[in-house]
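Before anything else, here is the set of structures, which you'll find just below.
Shared between the two complexes below is subunit A, which pairs with subunit B and subunit C, respectively.
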Partner chain A sequence: MNSDQLADGSVTGRIQSDRALLASRQIKHVVVLGANGTMGYGSAALFTTAVPRVTFLARTTKKAQAGLDSAIKQVRSATVASRADVGSYQDDLEAALETADLIFEAVAEDMAIKQQIFDLVEKHRRPDSIVATVSSGLSINQLAAGRSDSFRANFCGLHFFNPPNVIVGTELVANDHTDAEMLDFLEVFCRLRLGREMVRTKDTPAFAGNRVGFKVLNECAQLADQLGPLLVDKIVGPYTGRALTPLATIDLVGWDVHRAIVDNIWELTDDEAKPTLKLPDSMASLMAKGVLGRKSGGGFFARSDQGNTVLDLASGSYLPEEEIQLPPMPYVAEIADLYSQARYAEGMQILLAAKGDEAALARKVVAGYISYAFMRVGEVCESITEIDRIMGAGFNWAPPSVLVDLMGPAAAVRMLGEAGVAVPDALANAGPSDRFFQHPTVNTGRFFVAA
Partner chain B sequence: MQGHLGAFFTEVDPVFSGLPTGRHEAACASGSIALLAASAEIEAGRYDLQAVVGIEQMKTVPASLGGSYLGTAAWYEKEAEGIDFPFPKLFGRLGDEYDKRYGLADEHLAEISRLNYDNAKLNPNAQTRTWYMNKEHALARDDMNAEVGGRIRLADCSQVTDGAVCVFLASREYATKYATARGINLSDIPRIKGWGHNTARLLFADKVRESREAEYVLPHVRSTITSAMARAGIADVFGSDGGEQIHGIETHDCFTTSEYMAIDHFGITAPGESWKAVEDGWLEIDGKTPVNPSGGLIGAGHPVGATGVRQLLDAHKQVTETAGHYQIPGARNVQTLNIGGSGTTSVSFVVGVD
Partner chain C sequence: MTQKSASPEVFVLGGYQTDFARNWTKEQKHFSALMREAVTGAMQAADIPAEDILHAGPSWGFLHRG
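And now, the complex of A and B:
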C-alpha cells in the first residue's frame, strides 16, 4: 500500500513538492534514546538505511551495545555497525545531542520516565533539531506540555509498528504547536527515504491503528473466555481478512503490551464500544502467574514436544490441540476456495449468508471492526482512508473500507444492524454504487488468505 | 510441458469467454516472446487489440526446489541436474568470463546491487522497498550475504517473486480511434518503435566458446539490442548521429553480472569497460543513461514469466511521465532487454513517443 503515487500516477505537483520538501532539511545524524528496547533498536536499524550516523543511547553503554547487536540481527546486516555508535545517557548524551538532526525517543512507555529524558533533551538539543517519540499510547500534547517553544514546534509522535524494518505502516502525530513544515518534511523523509506508509492521526489514545486494532483483538480475547482460544481463532480466521489470527496476534505482541494498550484506551475513552475494551479478568490473573504470550513460552497457544497446545483459560493448563472438538464450519472452506480464485466479493457473500452461531459471531466481530473504524472518523483522524491505510500497512488486515466495498454498502449496513453495533452515517447514507476504499494501486487481494 | 495457462484467461472473468488466447514460453524471456507474438499478429492484420499478461507464482515452493525448476531454463541434464541453484552459478561464470577477458572488480557488482535497491525504494510496486541494503553489505563476505554460486552472493541476486502484469498492444487504426475518442494525440501514445530477438547456443560453455574471438562476450545479445535500435531508427544509445537517443534502459539484471554485461552490450561503454559507467554514476536516474530506474529484477523483483512485460510497462511509464518518483526526466525513448536462460534467448524493445 502506498501514497507515493497520485491516482492518475502523474509526476507533476505532488512529486515536485515532495522533492522540494526533502531538500528543505537534512537528517545526517539521528540519536535514538532507549536503543536497547525492541522499538529502539528496530527503529535505529531502520534509520541506518538512510542516515549516515545513528547513535544508540541507553542507560549504560553495555545496554546500547546490546541494542546495536540486536539491530544487526534484526536486519541481518553487519553494516549497521559502520553507521552506528553507542553510548550512555550520562557520558554521551550531551555531545550526541549537539549534532543530532533527529532525536528519536524510545524509552519505557511511562510519562515520568519520558519526561525525565526530555528534560535532558531540552537542555542539550539544538533549537532546530526534530524530536520524535515512538510512544504508542501516551498523549503527544501531554509529553510536550511545559516545554520550550522550539521543542514543541519540532516535536511529534512517530509511531512505528514492530518490527519497523518489516511493517511499513507508521503514524505521524502532531501536538498543538507542531510546526507544519517540519511535519511535512518528516512525513516525506519517512515515506521516500525509509519506505514508510505514513498516516496522520490526531493525538487521541492509542491513535488510529491500535485503537481500532486492539478493540477487535480484545473482543476476541473476551470471546475466548466462553468459547476457548482455538474456536475463536477459527471463527475470526484468515478468511475474515487477516494473515495472522487475533489471539495468535496477542501472543505475538505480548499479553503485557496488549494489556497496556487496552487499559489505556479503557481509561481514557468513552465510546459506544467501551465494553469490548475491558481486559478479560482471566487474562489478568494468568498474567500474574507469568503468562505473557510467545515471549514467556506460551499464551493462548503454546508449542511443546507433543505438538500444538491450547490454553484452558479457567484452569491455566494447556490441552493438546487435537483433543479439542470444534463445531463444523463448512462455509470457511467454501470461502477459502473462492479466495484462492480471487473471487473475494463472492466469498464475502458466503460469509454474509452463512448459517449457525459461529458464522453469526464472525459477522459480529467483523461488523464491530467496520463500525468502530467508521465511528472514529473525525475523532482519531480526518477520514476513513487513514484508518484503512494503517489497518492495511500496520496490521496487515483487510481495511474496513475494503470489506464494505466487497459486501456492498447495503449488505454491510444490514450486517451491522444484525450485530447490534452502531451504524455510521457514512454507511447508512451510502448509495449502492458508492465505494469507500481510496487506493486504486493497492492489490486488496493480498489481505485475503485462502485458509 | 503442457500447462494450458492461456485458457485460464477465461477464468479471470466470464466476459473473456470466447476470446482467442494462447500461452508463450521462453524461460525468463517468456513475457517478451508473448509481446513479440502479439505485435506480429497485429502487424499481420489478424487482430487490432491484444492483452499481453505476464504472470508467475514462485513462492509456493521452497527456494531450492524453485531453483531446480528454474534450472530447466538451462540444458537441464548438462548444466543443472543435481546442482543447487544452477542459475547463480551460470551467471557467476559470466562474471568469471569478464574477469578473464577484461578484469572484473566485485566492487562494481556491489554498486549495481546498491543502485537497484535504491531505485526500488522509489517504486511503490517493488518487492525490496523495505529490505536492508547498501554497497558495503553487497560487498560483505559474511553469512548475512552468503555465497549462492561462485562469485554470486545473495545481494547479487534478483528475487523470488509472485507477480503479474498486463499491457495492451493495439494497431495504429485502433490506437487512432482510442486517441480520437479521448481527445488525445496519437503521437502521445507510446509505441513499440523497434524490436530485436535472437537465440544463442543453449549451453553457457558453447556461448563463450563461440564468442572467444568476438568483440562482445554475448554477441547474440548485442545483436538483439542493436537490431531493436536499428528498427527504431536510432543509431546508438547516445544518438551519436545527432538523431534520437535512448533515454533510459530497463534491463535483465537477474544477477549483477547480467547488468554488468548489459552495460557494454548496450554500447554505454566500450566492451569490457562497464565499470566506467558504474563508477561515473551514469546509471543513476539522473545520470547519462539511467539503467533500471524501476529497481529492475534485483530491486523490483523477478516474477520470471512476467518480467519482460513488466519491463515494457515500465518503459511505457517512463515515456508517458507516469513513473512517479523513479521518473527519468524527459524520457522519450526507453529500451528493454529481456533474457531467457544463460543469455540464450534475448529480446529487446524500444518504446517511445515522437
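And now, the complex of A and C:
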C-alpha cells in the first residue's frame, strides 16, 4: 500500500498504518558499499541519523576511512563517527553482510561494476536483508536480473539526490519482483526516520526527477552555444521558479555527471523532446580538455582573482562577467519585485505578457518543462503529483503544476501552443478553476526567489 | 481562524502555516510576503474568497491591546 493510499483515508489510519509498517522490520545495521564516493558517504552520513550502526565499505579501508572523514565534514556532526565503522570488501564485507539489515550499494554507475559487487552481496547476505541501489539511471530490473528470488524480492532503487543531508527528495523504484510489503516498509522508514520526501517512480531511464530536470538543463546548455552562458542563466533565472540557475546547476552537478545522465536518456528513450536531450558538441569538446564544472575549477562559470568569469564556448577561454553585454530585460526586475511581496501569480502574468526575444525564450523553456513533465505521466510515475513532488523536493524547482496553477490552465495551454511543444490532454481538457498541485503542506512561495 | 460577531457566532475553519525552515532573507522577500502568504493561505484553506471579507483588522494591534 502506498503511503498516500490509506486504508480508511484518515490521519489516524495513516498513523496506524505507518506504525504497523515500521514494526514489521528492523534496521539496526546498514552497510554502505562504495562509501568513499560522494553519494556513498553522503548517504551513509544520512543513515547514521537513524541507525545505530553504519558500516562504510570501500576497496580499501583507507578509502572507507576517507569516506567517513568526508561524511563528518559534510554534515558537521560527531554523531556520524560514533555510529560508524569502516572496512574493505576483501577483509570485512562477509562479516558485515551477515548482520546487515540494509545493504546500500553506491559504487560506480557502471552495470558491470555493480554486478560484481552484487555477486558478493548475493553470496553473503541474509535472505531477509534489504538491498538498495542509489543508481540514478541504470535499470533496476536489469540489475536484479539473474539474482535469487530473495534478492529480487528485497531489491529496489533508493535514489537520494546530492547532497542527501540537504536534498530530501528521494525516488523509490521497484523491480518486477520486489516484495510490496518490503517496499512499503522502506518508504515509511525513509519518510519517518530519515525525513525523506518519498516518490515512487517506474523503472524508466533516469526515473522521474532526472528525466524531467536534465531535459531542461540540457536544453539550456544547447542555448548557451548560441547565446552564451551568462545570458541563458539570466533568461532562465530564479524568476522562472528555481533558486539555482540551470547552467550553474550543471557546473555544480559536474559536466561528466550531466553527460552520463543525458546520454543515458538520449540512448534509451524516444519521446517528443528528444532533440533537447542531445549533449552539445561544445560541451563534449571542452570535457575532453578537462572542463568538468566546479570540481575542475570552472565550467560555464569560474571565479578568478579578477572576479566572476564566463566561459566562451567557442574558444574555451573565460571572459570577465562585467565585460559581457546583456540585452535589457526590464520584466525580470518587475517580476522579482512582485515575488518579494509574495505576489507570485501577478509575477507569472508579467512573464506571460513580456515582449522581446528573451521573454519568448524564457516562456519556451518553461513551457517545455511543463509539457515534458505532464507528458511523462503514466510513463515515469502514476500521476503528475509524484513528478511535482520530486521536482520540488529533489531539484528545488517550482513544480510544473504550481506554474500551471499560477498561470491558469488556459494561459498555460496558450503558452505551450506558442512555444510549439506538446499540449498534454490533462491541460487541454482542464476547466478554468481546475488546480493541479496537490500537496497541502508545501509552501509553494519558497520556489520563487525574488532575484 | 475564528471570527466572533454579535449574533450569531460564526466560526471559520481553516488555517495555514508558513514553513519554519524557510529563509525569507535568502528568498529576498519582504516581511509583507510572509503576511501575504499566511493570510492568503488561510483564506484558501477556509475557502473564503477575498471579496467576501468586509473588514480586516490590525491583528497585531488588537493582540497588544489585549
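Points to keep in mind about this one:
Simple rule for what comes next: the second predicted complex is superposed on the first by the 440 of 451 C-alpha atoms of A that agree within 3 Å, B and C clash if a C-alpha of one lies under 4 Å from a C-alpha of the other, contacts with A are read in each partner's own complex, and residues count from 1 in each chain.
One rule holds for everything that comes next: contacts are C-beta pairs under 8 Å (C-beta built on N, C-alpha and C of every residue); 3 or more make two chains touch, one makes a residue touch a chain.
As the structure is a prediction and not an experimental result, all values here were calculated from the model.
Applying the stated contact rule after C-alpha superposition, one finds that A:L192 touches subunit B and leaves subunit C untouched. In the superposition on chain A, contact of A:V449 is made with subunit C only, not with subunit B.
Judged by the touch definition given at the top, the superposed model places A:Q325 against neither subunit B nor subunit C.
In the superposed pair of complexes, A:A336 makes contact with subunit C only, with no contact to subunit B. Of the two partner chains, neither subunit B nor subunit C is touched by A:S317.
Number of subunit A residues touched is higher for B, counting subunit B against subunit C. Taken together, the two structures place residues 341 of subunit A in contact with subunit B in one case and with subunit C in the other. Those residues of subunit A that touch subunit B in the shared complex are 2, 4-5, 8-12, 15, 18, 45, 49, 75-79, 82, 165-166, 168, 192-193, 195, 341, 441.
Residue ranges on subunit A touching subunit C, taken from their complex, read 336, 339-343, 442-443, 445-446, 448-451. On the subunit B side of its complex with subunit A, the touching residues are 11, 121-122, 124-125, 129-130, 132-134, 136-137, 140, 142, 144-145, 317, 321-325, 327.
By the touch criterion given at the top, residues 18-19, 22, 26-30, 32-34, 36-37, 40-41 of subunit C touch subunit A in their complex.
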